[in-house]
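Okay, so chain A shows up in both of these, paired with chain B first and chain C after.
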Partner chain A sequence: MSDATKYLLDNLNALAAGLFLLTGFGIVAMRQARGCLNLFIAQSLLLAASAALLGLRYDSAHLYGVALVNLISKPIVVPWLLRRTSPAGIYTRREIDQVLNIPTALLIAMALAVGAYFVGIPLAKAVGPDARGPNVSIGIAVLLLGAFTLTVRREALSLLIGLLAMENGAFLAGIAIARDLGMLVELAIATDGLIIVFIMGVLVRAVQKQVGTTAIGDLASLKEGAAEPAADEALS
Partner chain B sequence: MSVIVILLLPLIATLLVCVPLGKRWVSGVTVVFCLADLILVVRLAWRVVAGTAPAELRDAAWSKWIAVDGLSALILLLIALIGTTAAIYSVGYMAHENPEPKRLRLYHANYNLFIFSMLAIPVLAEPTLVWIVVELTTLCSALLVSFYNTREALEAAWKYVVLSLMGAGVALFGFLVLFAAMHAGGGGTYTWAGLLAAAPRMPPILLQAAFLLILIGLGTKVGLVPMHTWLPDAHSQAPTPVCALLSGIETTSILYVILRLFPVMQAVPGSHAESWALVLGLISVGTAAFLLLQVHDYKRLFAFSTVEHMGIILTAIGLGASANYGAMQQIVNHSVTKSFCFFAAGAALLAMGTREIAAVRGLIRRSPAAGAALIFGGLAITGAPPLAIFLSEFSILKVGLTQGRYVAMGLLATFIVIAFFGVMAHLNRMVFGAPAIAAPKHNHSEPETAGTFRLPFSCQLALILAAVPVLVLGVYVPKPLHDLLTMAAAALTR
Partner chain C sequence: MAERILFNLLQVAVVLIFAPLASGVLSRLKELVQSKRGPSIFQPYRDLWKLFHKDEIVSEDSSWIFRFTPYIVFVTPIFVALLIPVLTSYPLFFAFMGDMLGGGFVLALGGFFATLAAVDTANPYGPVGASRTRMVGFLAEPVFMIVFFTVSFVAGSTIPYIVQKKWVTPLANFFAPSHVLLVLAFIMLILAEGGRIPVDNPTGHFELAMIDESKSLEYSGRGFALVKWGGQMKFFVLLCIFLNVLVTPWGLAAGQSYGAVLLAIPLVLFKVFCFLLVLVVIESSLSKLRLFRIAEFLGAAFITSVAAMMTQIFLP
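So, the complex of A and B:
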C-alpha cells in the first residue's frame, strides 16, 4: 500500500471518528426520542466505517468482521427489537424538562470531551505507533458522553441509547488498540448488546403498563430515610 | 468433560422448565439440576485440591478458554452451594406466593440462566468472555428483580440494569485496554494465566488504566460505595431466594473478577492497587454501617450489610498477601451467612406479609422458627462469636494489627461494631418487640397475622441446610476446605 493511500485512509478514519464524536454530542442534546435513535444509528454506521477503514489500512480481516457485525446488529436489529418489545409510544416521546438545560449540558459535555483527549493521548502513546489516530481519545469521550446522557435523561429510550453509546465509544477506542480480539468475542459482544435492548425493552413495557409512563428516571420511591413507599400509597 | 457438564446442566434445566408440566415439575427440575451441579462442583473442587484436575483443564486447546484453579473452584463451590439451597427454598416460597404457572416457569427459567451465567464467570479464562458473562448475570437477573412487577420492583430492576450496564461499559474499555497492554508487552494468550505471565513486560500506564477502569466498572456491580445506590433496591425488591443469590454469590463472583487483577498488578512496582482496595473497602464499610441505621425495610438491612461485607473483603485484600487467607474465608463465610439471612428474612416476610421493620413486632410469637432464624442470622452476619464471620473478621483484624495499620483497623472495627448495633437493634425490636406498637395503617393485615404461622417445609429445610456451614465454619474449618482456601489465597499473589 502506498504512503498516499495510507495517508488518505488515516484521514478518512479521522473524519469518521470526528463525526462519531459529533453524534455523541447530538445524543446529549437531542430532545426527541426518535432523533436520539437516529443519531445512534448514524453513530453505529460511523463506527462500522471506522472499523472498515482501519481494516483496510492495517489489512486486518478481523476488523472487517467488526464492521459487518456492527452494520447488521445496530442499525437493523436494534430498532426492530425495540419495535417488538417496547410500547409503541416510546418513539414519539419528547423531553420537556431535562435535569440540565441543553446549553449547560453541552458545555459539560465539551469539558468531558476535552478531558478525554488528555486521558487518551498517553494511553494511545503507550500502546504503540499504530494507535496514533484519534480513535482512543474520541472513544473515551463518547464513553463519557454516554454516561453523562444517563445522568441527565429521564426518558427510557434516551437512557438506553446512552448505554449503547457508551458501548460504541468503548468499541471505537477498542478497534484502534485491541485489533485482533477474536471473532468469537466480537460476536458475543454484539449479541450481548442485543440482549440489553431486549431486556430493557421488556422492562420499559412493564413500567409503561404498571406506572403509565416511560420517563423511568422519574421513578424514585426507593430511598433511605425518606417516607416509606407503603406510607406513600396509604396517603394517596 | 466435567467442567463443561457443570455449565451445561443449568442450560438443560432452563429448557426443561419451559415444558409446561405443572408446578412440581418446574421446581423439581431446578432443585435436581442444582443438586447435580453441586455434586459435580464438589468433585471438581476435590480434584483441584488433590492436584488431579480433569483432562480438559490440562489440555492446551481448552486452557485458552476455560481454566479452574483454587480461586475459581472456591467461587464455583459457593455458587453451586447457594444455588442449591436457594432452589430448595424457592419451592416452598414460590408455592406460598403462588404466581401463575407461566410466571413460575419464567421465574425458574431465569433462575437457571442466572446460575449458568454465574457459574461461567470463574470457569472462563479469557477476560473479555468473562466480561460478557458478567453482563449476562445482570441481564438474566433483571427479570428476576422485576418479578413482582410492582412499581418499586420495576424501579429497582431498571436502576440495577442501567447502573450495572453503565459500569460494564467502563469495564469493557478496561478489558480492551488490558488486551492492548498485553499486545504492547509482546503478546501471549489473552487469559488470566497469560496476563499473569506477561504482566512484567506490559506498559505500567496501560495496566494501571485498565485496573482502575475495571475496578470502577465492575465495582459498580459489586456494590462498592459510591457506586452502590442500586444494590439495596435490587437486593430487596427481588423474590427472597433471588435476593439470597444476588447478595450471597453474585456480588462475590463479580468481586472474583476484580481479585484476578491483583496478582497482575503486583508486577507493576508502585501500582498502589492494594491502597485502592483498602480505601474503597473502608469507605464502603463505613458508609454501609451508617446507612444500616436508618433503613425501614429489613431486606434492605441485609442488602446494606452486603455492601459492608464487600467492603470488608476488599479491605482485607488491601492489607496484602498475609490477609489473603482471611479474605477468602470472609468470602465463604459471607456467602453462606448472607444467604441464610435472606432465607430468614423471607420467612419473616411470609409470616408477616410486610417488609417494613416498623410493622413487624413480636415475630417470635407469630412464627418461632422465623423469629429465631432472623436473630440467629443477624448475630451471624454481624460477626458474633462463635459463628463463621466472627472467625474471618477476627483473622483479618489480627493481620492488620500485626502490620501496624492501627488507623485502618480501628476504623474497620468501629464500623463493624456500628453495623452490629444497627442490625441487631432493628432485628431485636422486630423479633421480641411488643406487637401493640404495630402501625395502625396495617390493620388490614391483622386477621392474616393472628395466630402462629407455619413455614413451608422446604423453607425450613433450606434454613437448616444453610445454618450448618454458618455454625460449623465458626469453630472448625475442614482440611479440604482449608487447602482450597490456601490455594485460593495463593492465587492472589504472584
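So, the complex of A and C:
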C-alpha cells in the first residue's frame, strides 16, 4: 500500500471520527427522541466505517469483523428491539424540560470534549505509534458526552441512547488501541449492548404502564404530595 | 502589473453584474420546486432598473446616516471582492491589502450602518429588525472567527489566495475532518448571514416576522436599489469565499492571459449554480425557526466549528 493511500485512509478515518464526535454533540442537544435515535444510528454507522477503514489501513481481518458486528447489531437490531419493547408514542414525544437549556448544555459538552483530548492524547501516545489517529481522544470525548447526556436528559429513551453512545465511544477508542482483541470479546460486548437495550426497553414499558409517562426526570420523589414533609419532620 | 489591476477590476465587475442573477436564479429554482412558474431569472435586474428611475423619499427627521447607508452597503462588498479570489488562483493587485478577517470586518461595517439606519428613521419595525439582525450577528461572529482561525492555522496564513490551495494538495486533505466540519459550519453561516430559510424567510412580507428585510423598509427609489444590490452582492461574495477558498478551488484561472481569466467566469458561475441547487434543497426541506431557536441553530454551527478546530489543533 502506497504512502498516499495510507494518508488518504488516515484522513477518511479521521473524518469518520470527527463526524462521530458531531453526532455525540447532537445526541446531547436533540429534543425529539426519534431524532436522538437517528443520530445514534448514524453514529453506529460511522463507528463501523471507522473500523472498516482501520481494517483496510492495517490489513486486519479482525477489524472487518468488528465493523460487520456493529453494522448489524446497532443500526438494525437496536431500533427493532426498541420498537418491539417500548411504547410507540415515545418516539414522537418532545422533551421540553431539560435540566439545562440547550446552548448551556452544548457549551459544557464542548468543555468536556476539550478535556477528553487532554486525556486522550497522552493515552494514545502511551499505547504506541499505531494508535496515533484521533480515535482515542474522540472515543473518550463521546464517552463523556454520553455520560453528560445521562445527567441532563429526563426522558427514558434519550437516557438509553446516552448509555449506548457511551458504549459507542468506548468502542471507537478500543478499535484503535487493541486491534486484535479476539472476536469472542467483541461479540460478547455487542450482545451485552443488545441485552441492555432489551432490559431498558421492557423497563420503560413497565414505567409507562405504571405511571403513565416516560419522563423519568419527574419521578424524583417516592410518594406524591403530603408524604414528603412528613418524612422530613420525622427525620428532624 | 497593469494586467493584475485590470483583472482585479474585472472581479469587481463580475460581482456587480452577476450578483442579481444569482439571487434571481435562486428564487426561480425555489418557485420551481414549489410547482410554480416563478419570475424570470432576470427579474432582479428589472427591479433594480425600475427602482433607479423612481423618486426617492427621505424622512425629514432622519439624519445623515440614513442618506449615507445605501452607499456604504453598496460599496463594502465591492471592497471585499478586491481581496478575495473570484476568478484567479494567484494573488492580484489588492490581494495583500487585507486578509480574511479584514474582509469580514469590511462586510460587518455595511451591516453595522444598515442597523443604524434602521433605527434612525424611528419606523416601528426598523429597530425590531435591527436588534434581531444584531442578535443573529453576534451569535454568528464567533463561528466566523473560529472558522477563519482554523483555516489560517492549517494554511499558516490568513490571505485567502494562499489558503485555498491547502485543502486540495494533496487531494486527501479534502477529507480531513477539520475541512469537512468547517464546510458544514460555513454553510450554516451562509444561511444565517444571507437571511435564508431556517433563520429568516427572504420572501416573507409579514413585518413582525422579518429579520433582514425590515431594515430597508424605509428606503425607496435609488437608495433602496443600492441597498438591494448591496445585499445581493454580499451574498455573492460570501458564496465566492465559500466556493473558491473553502470547498472547490478548481476552475479558477491559473494563467495570466485574458482568455484564461475570461474562461474562469462561466466556470465560477457554474460552481455557484451547483451550490444554489444545494441551497434550494436545504431551503425547501426546512421550515423557518422560531426566533429563540436561532440561538440553537447557530449554537450547532459553533459546536461544529469548534469540533473542526479540535480535530485540527489536537492532531496527534
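What we mean here is this: the second predicted complex is superposed on the first by the 221 of 236 C-alpha atoms of A that agree within 3 Å, B and C clash if a C-alpha of one lies under 4 Å from a C-alpha of the other, contacts with A are read in each partner's own complex, and residues count from 1 in each chain.
Please note the rule applied: a contact is a pair of C-beta atoms (placed from the backbone, for glycine too) under 8 Å apart; a residue touches a chain by one contact, two chains touch by 3 or more.
Owing to the predicted nature of the structure, the values given are computational and were not obtained by experimental measurement.
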First (chain B), second (chain C), both or neither touched by A:L106: second
Touched partner set for A:V114, first chain B, second chain C, both or neither: second
Chain B versus chain C as contact partner of A:G139, first or second or both or neither: first
Touched partner set for A:G89, first chain B, second chain C, both or neither: neither
Chain touching more of chain A, residue-wise (chain B, chain C): B
Chain B versus chain C as contact partner of A:V211, first or second or both or neither: first
Residue ranges of chain B touching chain A (in the complex, touch as defined): 126, 128-129, 132, 135-136, 139, 142-143, 146, 149-152, 154-159, 161-162, 165-166, 169-170, 172-173, 176-177, 179-181, 183-184, 190, 203, 205-206, 209, 232-233, 237, 291, 294-297, 300, 354, 356, 358, 441
Contact set on chain A toward chain B in their complex: 122-123, 126-128, 131, 139-140, 143, 146-147, 150, 159, 163, 166-167, 169-170, 173-174, 177-178, 181-182, 184-185, 188-189, 192, 195-196, 199-200, 202-203, 206-207, 210-211, 216, 219-222, 224-225, 228-231, 234
Interface residues, chain C side, partner chain A - complex: 170-173, 175-178, 180-181, 184, 295-296, 299-300, 302-304, 306-308, 310-311, 314-316
Complex contact set, residues of chain A against chain C: 4, 7-8, 11-12, 14-15, 17-19, 21-22, 25-26, 29, 102-103, 106, 109-110, 113-114, 117, 121, 124-125, 132-134, 137-138
